[in-house]
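One chain, chain A, appears in both complexes that follow, with chain B as partner in the first and chain C in the second.
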Partner chain A sequence: MQVSKAFLKILKSKFPSAVIYIVLFFLVGMMMTRTEATESAWEKTQLKLVVEDLDDTAESRALAEILGKGNKVIPPLASEDDLTDALYYTTVDYAVTIPAGFAERLAAGETDGLLETRHIHESYATANMKMLIDKFVTTYGAYMELTGSSQKSATQAVRTLSDETNVVMLQKEESTKSSSDLLLIFFRYMPYILLCVILNMLCPALIVMSKKDIRFRTDCSGIRPSSYTMQIFTSSALYVGAIWLIFVIAGSALNGVMYTGKLWLVVLNSLVFSLFSGVLALFIAEFAPSETVVNLMTQLCALGMCFLCGVFVDQALLGSGVLGVAQFLPAYWYVRVIRMVNGDIPFNAGEAALAIGIQAGFVVVLILLSVLVRRAHYSSAPRKRMA
Partner chain B sequence: MKPTVVKIDNLVKRYGELVALDHFSLEIKEGEIFGLLGPNGSGKTTTINCLLSLLSYDKGDIEVFGKEMTPVSYDTKSQIGVIMQNVAVIDELTVRENIDYFCGLYVLDKAKRKECVDEAIKFVGLEEFENFRPKKLSGGLLRRLNIACGIAHKPKLIILDEPTVAVDPQSRNRILEGIQELNRNGATVIYTSHYMEEVEQICTRIAIMDKGRKVAEGTKDELKSMIRNTESITIEILELPEDVRAKIASQPHVYETEYDGNKLTVRCSGGRHNLIRILGVLQEAELGFGRVYSELPTLNDVFLEITGKALRDSKE
Partner chain C sequence: MFLHNFKYELKMVLRQREFIMWLMLFPIALGTLFKVAFGSIYSNNDMFKSIPVAVVNAQEGTVLNEIFRSLGEGEDAALAITYADEEWAKELLFDGKVSGIIVVDNDVSLQVAGKGIKQSILEEIVSRCNMYQEVIGQAMITGDETELRKVIAELGKEVNACRDVSPAADNPDVYVQYFYNLIAMVAICGSLTGLHVATSSQANQSELGARKNCSPTPKFKHLSAAFLGSCVAQGVSMILCVTFLKFVLQINFGGNLFLLYAAAVLSGCLGVALGFFGGSIGRLKYEIKSAILLSCSMVMCFLSGLMVGNIKGFLAERMPWVNRINPVAIISDSFYCLNMYSDYRRFFTKVLGMVIYITAFIVFGALFSRRKKYASL
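On to the complex of A and B.
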């Protein structure tokens, strides 16, 4: 086990670079899960609004009523300076002054310069406020055309614009507890970190062992190539297993969930993907690139695969063309299992098994390719070409 | 008669049109320090690679310890120690861990291995540096570590391929002394180099290679006796009239003179008092001269006479 021992020591020396990824992932993962957890507590943004009605007509009161709905109405301030200060210190977000003669100008069909508005910070809510004023003016105008009565038009406009769209947060079908949902989010992002940690550590260690001079010295020794390869494969598998275990335990600990039922499927899914990451590292290392190239390839594989396959962006939001390409990558099938367990798509045990099986297929194919490349690179050529 | 350790018979190795080894044969006996001397590209490393079955070859036979050498001759390989020109150590491991790793490829018993590693560290004088990483070592210490990794398992046959390239004189002497000590301890050594002084200093028998062929073989004295040159006399002289040069050339045992404008080289074959006679001619002609050297023939002279070019001038 001499090769294994040395290989694990080399891996140990590369571990600090992996720690950065792991810590970052846990931090970002925790933030993401907390963000997703608060998504259901949706509420409409309220503006702190000052409406000064200098016209005091049915129309101006109707407009003040519309603007006040859903916003926090603050009584008019004593002076212009006070209002400027309030806007600056954001105790007031939006100020509307309805000047005298507003109703007359509105009834005459004027639309420009009807009101004086002030705000400092541009936001979605302030833009919405402008739209609401425009809507009142056009709705009022439409009713004036129909009824010819300013009083009726103001009342109708208030009624029409008060009919708010009812926003309801639809809850997903409860297949697991909410903390399990958080765990599934953790697992959804896992391919990226697995690829980064495994490729960034395993590849450089493998490259060290494959350096021409080191390999030459090893080939000169009495060790059989099969024994050497087996020791490298076993140590790599041990490392991949350890990394996977850290994440599985951390996932459970951080989210306070024990693995039960379908969650075991997610665990198995992550194990197969970890193995894929391991054999991908073996395959890349066979070409013995430099550490810079390894870093580049890690980012290319990890980011490329995660974006294409729906790790970062939900598969439901990806185009059919992208998903068509993604099907040829194992992360697609990994995410598919997560989505099934999460209830995003109907759960089907056979389909889940197939998705994990396809990932296992990628593992087998890459192992075979790695062995082929290794043989082509390192096998000692036959003794004589012609006797 | 001592048994044969290495036998190479009619080895031919081609790289496309280039013939790297051209019917090369060799026999090395137990206890020898056998020198393979030749310029870069003469086929020394190719010979070693074929000998270790790391390289295929087109024709010929190789036997090591009386057994045919093949890529799967693991028992034979376990009795060979290899120290190559490039330092082959793992930067992530310490000095001790490196020696332990490479020794462990041969010696599986942990206690025995520890003993071997301790001895190897002591042998190359790296006791103070055993917990250092290779990157912290100087070039000379790194070479010593390279050697320790190759000999820790106490091989019966040690192959050293230019182990002193880019090494300071102090480390070089230590390495050469170490090789002689390994030989005294019973190891047969194959030493390849293009430094003739080193080969001359430590090798008991030498084969000179050029363009994949063995051009001469024997002890250093045998090799030197193969050539006409027995003494080279060099005199610094600023002006040398043609008649004086002709008179020097006509002296007994002088067979060649060479003058490059400020240095006269006279090559003699046999005879005694050649220097006195030549200086006598110069004094008679009342010519002033500077420093005078008289050198016995070197392996470079042997190579020069056999191949028509100097060892050091040869380029790969």
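On to the complex of A and C.
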């Protein structure tokens, strides 16, 4: 117990910095969760548009009405620079200016270059808007042939284009999407938070334990190396468990969701990943880097793994080659379980158990590697353990 | 004396081989991972490509079939059509091989398995088909065949109503912002070097600080030498970081290369200044100061879009002041402005923002660290 006591004392001395890490990274997690939005029944993707009507005629108003249907119309922005920024960051998908004289040109049968449009990305949103605008012009033209009146044609076009399209949402199986969506988003980002917090908190304490002075004193004592290792591992596991518990309870409390059904699987998943983070800290600490280097290594491991495995960017967007590499990292399997529970991919209990098992496998492998490195260090130490 | 201190500061930085190695390795490793992860997302997922769709019950020779055929033809076809029966179409849909099923009956309807922009475009196309049917139906009611022909001709007319006046960007790829933020993060990691500058001059923080406080060298001289030495070291690592991203990973940052390097070096100085400021406040332990700096840096990086790319736009809508005051956002914005704007007005505004921050951090850092007396240690 002596080693555990010493280790927990060191951890206690690092408690103030631990609180800073927990609070700030929890804040980051909550912000990440809040920036994501979820949806369930079929609805058209709402695009964000800036529509500026400089013509102000029945025809231009009809077009503006059609553009605004099912989309979010944002008032014109203060400057051209603001619009460029908004288009780049996709807070605005498309900007349309209806120039003066639009109605006259439309009534004259012109169909090309009637509107001024701005966009940055040749994206699906841009294609969608172009289709919608062209559809209005075509419909208007057809009604002009039928009615001969510009205003009537505009009204008829709006009426026809406002008709609802029959869209059926097919589902292979019951989706679990519910009020737990926010909680699942929080859990999706958890690997980053866990890696940052656990590595930043545990590594410095472990490095202190492997400092020459303490190590040599421990070597001279009657404590067996296996007992020393076991005590360090157990204390670390306790510490990791406490951190994990804080995040699991706080996640539930702040998102207002209780753990039920498949959500327990997500909780188990996060526990195994927490253990992985703890074991990774043990492994890194074996190389006894400085605290500053630990900070950089932590960010490298956390950001690298999270980007590659689909924590920050949806796995569906990552290429097959990237996912092929990501399979060799535990965060990939962690995210896979979350995606199954979220209904993004079909849920299969066996596959979910396998994914959690693979993460547990990573834990075992890293424990073995840590023990190996520790032994190598001990055997190459200048003063060997006395028999 | 200044040059002497400066020389030794540089030597000290260079002797921290492990730290230097990691500071260099950090952008190289993360940049490579970013390149692997985001290299093709923009062109594969964000850029418009033909949408795979299954069409059920399409009958040869009908107007609707002609519409689908025209939408599925050519290099820039809107649809990649598979004609299928209902069973097969559903199989394709659930396997994710098509984005939707268009069912042709009395009306044209759409079946989808998810929601998204591709499905919305399919809905747009289906709605267009129904509009054709309705308009043609109305024309038929009039009984005038000439009118009907005119209406059909009007509906078949090629329309291109939009005149594009978009701003010209050197590289519109939105994922490049992750690299902007990576450079900004490396710069802000310089705060750890800046923290070292502050703590190495405080007698209660380090042995070196105690020795420096006993020496007759004025505090201003050894502090400014240490600060400048750290800025030089950080500047070199920033240059290496940009060089690796630009020339090895071939990231297209757009804009003027010289200004890109200049902004990167200046951002490195901002990181050092931030660390110096943070390290000068209060008498907290080095570990706590480092934890505060690192956590705050990560929060700033998060708010600038390092983890969630669209956060900057999200904040611009709700709390635009955050983007204006966040040093990391200012750094990444300077690279963004070089890419997006052909005139350098906005770029220099961001540079001015960095200079103001550097000045403020140095001035306040110096104010906090002056006149510190150590009666007993």
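Here are a few things to note about the model shown:
One rule holds for everything that comes next: the second predicted complex is superposed on the first by the 233 of 387 C-alpha atoms of A that agree within 3 Å, B and C clash if a C-alpha of one lies under 4 Å from a C-alpha of the other, contacts with A are read in each partner's own complex, and residues count from 1 in each chain.
The working rule: a contact is a pair of C-beta atoms (placed from the backbone, for glycine too) under 8 Å apart; a residue touches a chain by one contact, two chains touch by 3 or more.
Nothing here was measured: the structure is a model prediction, and the numbers come from that model.
Of the two partner chains placed by the overlay, only chain B lies in contact with A:214; chain C stays clear of it. With both complexes superposed, C is the one of chain B and chain C in contact with more chain A residues.
In the superposition on chain A, A:2 makes contact with chain B only, while chain C stays out of contact range. When the two structures are aligned on the shared chain, A:222 is found in touch with chain B, with no touch to chain C. With both structures placed on the common chain, the touch criterion links A:360 to neither chain B nor chain C.
In the overlay built on the shared chain, the residue A:267 is in contact with neither chain B nor chain C. Of the residues of chain A, those at positions 14 touch chain B in one of the two structures and chain C in the other.
Of all the residues in chain C, the ones that touch chain A in their complex are 18-19, 22-23, 25-26, 29-30, 33-34, 36-41, 44-48, 78, 90, 93-94, 107, 109-113, 115-121, 123-128, 130-131, 134-135, 138-139, 142, 147, 150-151, 154-155, 157-167, 169, 172, 174, 178, 185, 189, 192, 287-288, 290-292, 294-296, 298-299, 302-303, 306-314, 316-317, 336, 340-341, 346. Listing the residues of chain A that touch chain B in their complex gives 2-3, 5-6, 9-10, 13-14, 205, 208-209, 211, 213-214, 216-224, 380-387. Of all the residues in chain B, the ones that touch chain A in their complex are 52-60, 69-71, 74-75, 77-78, 80, 82, 84, 86-93, 97, 101-102, 104-106, 108, 149-150.
For chain A in complex with chain C, the touching residues are 14, 16-17, 20-21, 24-25, 27-28, 31-32, 35, 39, 42-45, 80-81, 84-91, 96, 111-128, 130-139, 141-146, 160-161, 163, 165-172, 189, 192, 196, 200, 204, 289-293, 295-297, 299-300, 303-304, 306-308, 312-313, 317-319, 321-322, 325.
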